[in-house]
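Okay, so chain A shows up in both of these, paired with chain B first and chain C after.
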Partner chain A sequence: MDLSFLLLQLLTGLAYASTLFLLSVGLSLIFGAMGIVNFAHGSFYMLGAYLLFAFTRGQAEGFWAGLFLVLAAGLVVGALVERLLIRPIYPRPEEYQILLTYALLLILEDLVRLAFGAGYRSFPLPPLFSSPLFLLGAPFPSYYLFLLALAGLSALGLWAFLYRTRLGTWVRAATQDREMLEALGVNVPLLYTAIFALGIALAALGGAALVPLQAATPGMAVDAVINAFIVVVIGGLGSVWGALLGAVLIGLLQAFGILLLPEMAMVFPFALMALVLLLRPWGLLGRPPAVRT
Partner chain B sequence: MKAWRWILAFGLLAGLVLAQGQQPIKIGALFILSGNFAGYGKSGSQGAQLAVEEINARGGVLGRPLQLLVVDDQGNPEVGVREARRLVLQEKVDFLFGIDSSSVALAVAPLTDEYKIPLVVTHAATPTLTEQCRPYVFRTSNNARMDAWAAAALAATLPVKRWANIGPDYEFGRVSWQDFIARLRQLRPDVEVVSEQWPRFGSTDYASFITALMRARPEGVFSTLWAGDMVIFARQAKAFGFFNQVRYFVNPVGAALEVLAPLGKETPEGLLVSARYWFLYPNAERNRAFVEAYRKRFGEYPSYNAQEAYAGMQMLALAIQKARSTQAEAIRKAFEADGGLVYEAPEGRKRMRPEDHQVFESLVWGYTKHSPEYPFAILERMRIVPASDTVYPTQCKR
Partner chain C sequence: MRLGLLVLCLALLGPFLGEYGLKLLSEALILGLYAMAFNLLFHQAGLLSFGQAAFFGVGAYAMALLMARSGWSFLATLPLAFLLGGAAAFLVGFLSLRLTRIYFTMLTLAFAQLLYAVAHKWYAFTGGDNGITDLRPAGPWGESLPFYYLTLGLFGLLVGLLASLERSPFGYALRALRDNRARAEAVGLDGFRHLLLAFALAGAISGVAGALQGALQRSVFPDYLFWTRSAEAIISTILGGSGVFLGPAVGAAAFLFLRVLVQAQTEYWPFFLGLLLLLMVLFFPRGLAGVWARLGRGISLGVERGAPRG
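== the complex of A and B ==
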């Protein structure tokens, strides 16, 4: 195999990984800090895709402003959902979270269908990235470079936030001991709202960033949430770096796997997930559950 | 006294008959109305609705109006069977109708024997459905094998030796490719297969598949990607310059309006596509009137699924008329009699093969081309594959 092709395949795998990372990192963050299993995560990703349409009226020129508006809208919607729907059920058993977020998934799908119709909505590539690049002679969509950069910057930003800011220290502390954090005078309910809003905003941003390459449909939420769960189960539920690792592994496995076994493409992510569950049920970078005494 | 009794009995009987005459013939339709394929279910139910309204406007069938009950099967076999049972047992429908997904159609088909209820399938395309030889299952559209054979007939005329495939990884994709390549090898023994790609049905990322395909340097690619898969694939492949490299891209469901409309001006030109019906063909009074009526009623152009559901409903009405009954055995005979029921649909003549209840019809292909008159790509350089080129033998006996 020639070098240019291997490079091309590597980049397409990483570009796919970028999309998976944006989709799943919020799910992992929310679970890690708050213990919420958010089945509606893919719905906010879908919402981001549709909001980009609404904000830009489908015009490629409005893309960049649209991305910022989607990010802002994601923060607002995330904060509202946490405050109004999630907060009342913290004291309840975990089944309530699952039922509530699943109901949210169904409701959002119907709302989107009412507002935008059942068909597919496609969005043109933004003018800056509308023509392919040539890598050692092979054409490659320049938009993938933007996706790579967006995922890279998001990962870097999250790292800086979690490890270099006071707020980030609190978020990490919240995963360890909520009561102690409250005793130290931190407003934990407000912190939870902020974490949830951030996780949702990242998903919405991911959905909006993907529309120029894909298409928005009301059913995309279910596919997205399945992909997100595969990624975080492989990487470790609750671990931000696990989401990154899981996304990259799936992206590369897909890109190179189909060269060797094109017949098996569909099985790769599930096979990897099964393998990880057998060897390390808490995920590659997750923490094994503490033994309760 | 006796005469009075007779008059009363006769009056009651007449009343019953009259009431019977007013009672609607109930048709329970199953379509996908939620999720990624809801666009198809919407056009299918609209086509059926238009036919019912036209039939009722001319006085119904056997003096009774048709009543359409549309339910959402979600493309899920379990839901489909549950809803079909409910339609038969609670709603007391006389017929089952529609069905987009092949897996739902195969799951619902056994109910036709259980309850002696005829099922008219207008979209689900797996050849298996009519190969089961069920007495009360009728398919009024062509199936996937006929699409694949028509594609092979056209592919054999192209200057292409190196073929590749990309299709969704489930029965429809696999069976279509097998039918296509086997038929093509009969017609052109010199063709070779350079790559086969099988993305998951409902994939959202085709990049790795696209680069793998392009690396194999095929001259022609056969694809059964449909619905959102085709929308997403076309956009990503275009970004890779795929359509500049691959000279012939052949897709037997690529001209579905549910795909062309959302792609809009982004549809690549020069794809060789079909869709079981194309609203601009034939340019005849019958078709123009149908397109006009459909646009007036729903404000959009009829997709293939809309036309097939419309035609299926009209064929069912014809069969009821001919049977002078809604009873399953009489309907079967009406569909089978005189060498099979014939209907002049907007798309042309549909003839049902009496043995396996499969309709045969000519298939329309063409190359995608943008035109200022439509916001989506239309077909040019039309290629009509006659029904006789897609007739395969059947094991069913009647």
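== the complex of A and C ==
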């Protein structure tokens, strides 16, 4: 194992972490601000991947416009789902949220199967990134760099939004005390719709961005949602930086775990999640829950 | 009482069912038993376990490995499935029960997925994703009717145990812990010990259900441990109504019969299940039991309203 190989593996892990971050950060925001356990989150990731095919007809030339349309579609779909389905069940216990969003997962998976077929769908690399770059003489997909930039910019944008805008302050306030926010005259239901739409749009973007590297299948939703939960639980429910840290940890664990113990690579993420839950149940960057009396 | 009547009716029905009917009803009883075990935690103790598939799977693999590798008879593996399911649940519960609410749910999910990943990848021991196939219980248990009676007997026995627990001091302790743990512990209840015992028992019963399911299907695969299998227990329970004692079993039967009906028409069963769940959650959150109660109330109200007019 020489240096260039290890560096490549590092890059692969980080590229994977980039899509994991886009997938997970919305889940974390939605749980943190709204308390909704969204089991359908991976379905929107899958939907993003398939919508890219629909918008571009599978043509690499349409990639950029397609990515933008997926983001816009994610916002619309997210807002609709929140208004029509999630809103009626806010006051209900968690199990109803889990069940409702699980129902959504089942429905979306079959709808995609109906519309696009059950097989693999692969998308060509966009023209700008179609030729590989070289790192110490070893080739790697230049598309990795795009994924890293996309995730980095999304993280920065989210940070600026949450910590530098009025709306972002409200979102953060919603994670702490909803009643107080309402008393201050903020339209909390509208805010919830916006948070949900943003989270869904990011997941859809992540799914669309992954497709040129990895084929899309209807089954990817079930795997994606579990990965998102692992990332979010490790990083801390409701924490943006936690989602980033969790995504990087899982990305690297996958990339290097497969070198060390290939047959057990699948076990590592769950083992790490269980370990974090046992030692620091609120996650690495999460806040410990206030003691209730 | 109702349980006894149900078991008696199902027993009398046995000889009139065809091969296919026996298999279907056996499966409904197994899923029902599994959902009832889940509901011991969910309704009585207020614990949402998302890892019930772990113990279902441990029971199934215990049965399959003992039968296929060590030549045990099928009947002898059942108590082992109970014990191993319970032991696995004791361990997972010991670690998970220190957390509450969503963190508890996530940790149980993590442990179940951990076991799934191990079963999926440990080819030498579990056969990996090829599973363990060609399991055929020797003697009468390989036939549909005796197997149905065995399943029915175990269902009656274990659900009877759950029913008597519900009305025991242990059941009341669980409900006290569910309603207000701090207060229950203040009056001297050892919360952790009670919940751990309930968790282990639910795991043991799930283990028996898993072993029966493996024998019925003649094979065991890693998907016995996958999280969607845990979701089946939750779906059955909410579908039937968690607040009514036999609700989860009724929900499990409804779930399976619906699946057979829909799958005969279309391959898009998950879509219909999703739609059904969506409508249930939005409009009938108390499950079939709730629908039943609402119908009953509607009818009786109609009679009362109608009486003066008549």
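As a convention for this text, the second predicted complex is superposed on the first by the 284 of 293 C-alpha atoms of A that agree within 3 Å, B and C clash if a C-alpha of one lies under 4 Å from a C-alpha of the other, contacts with A are read in each partner's own complex, and residues count from 1 in each chain.
By our rule, contacts are C-beta pairs under 8 Å (C-beta built on N, C-alpha and C of every residue); 3 or more make two chains touch, one makes a residue touch a chain.
Since the structure is predicted, the reported quantities are computational estimates derived from the model, not experimental observations.
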item: Superposed partners chain B and chain C on chain A - clash or fit; value: clash
item: Chain B versus chain C as contact partner of A:Thr19, first or second or both or neither; value: first
item: First (chain B), second (chain C), both or neither touched by A:Phe229; value: second
item: Which of chain B and chain C A:Tyr120 touches, first, second, both or neither; value: first
item: First (chain B), second (chain C), both or neither touched by A:Pro91; value: neither
item: Partner chain(s) touched by A:Pro281 [first = chain B, second = chain C, both, neither]; value: second
item: First (chain B), second (chain C), both or neither touched by A:Gly137; value: neither
item: Contacts of A:Leu104 with chain B and chain C, given as first, second, both or neither; value: second
item: Contacts on chain A seen with chain B and repeated with chain C across the two complexes; value: 109, 113, 222, 263, 266
item: Chain A-touching residues of chain B, taken from the complex the two chains share; value: 33-39, 41-42, 169, 195-200, 202, 204-205, 207-212, 215, 227-228, 231-232, 235-236, 239-241, 258-259, 261-264, 266
item: Interfacial residue positions of chain A with respect to chain B in the complex; value: 5, 8-9, 12-13, 15-16, 19, 109, 113, 117-122, 124-125, 132, 138-141, 143-144, 210, 213-215, 217-220, 222-224, 254-255, 258-259, 262-263, 265-266
item: Complex contact set, residues of chain C against chain A; value: 42, 48, 50, 95, 98-99, 101-103, 105-107, 109-111, 113-114, 117-118, 120-123, 182, 227-228, 231, 234-235, 238, 268, 270-271, 273-278, 281-282, 285
item: Complex interface listing, chain A residues touching chain C; value: 37, 85, 88-89, 92, 94-96, 98-100, 102-107, 109-111, 113-114, 222, 226, 229-230, 233, 237, 263-264, 266-267, 270-271, 273-274, 277-278, 281-282, 293
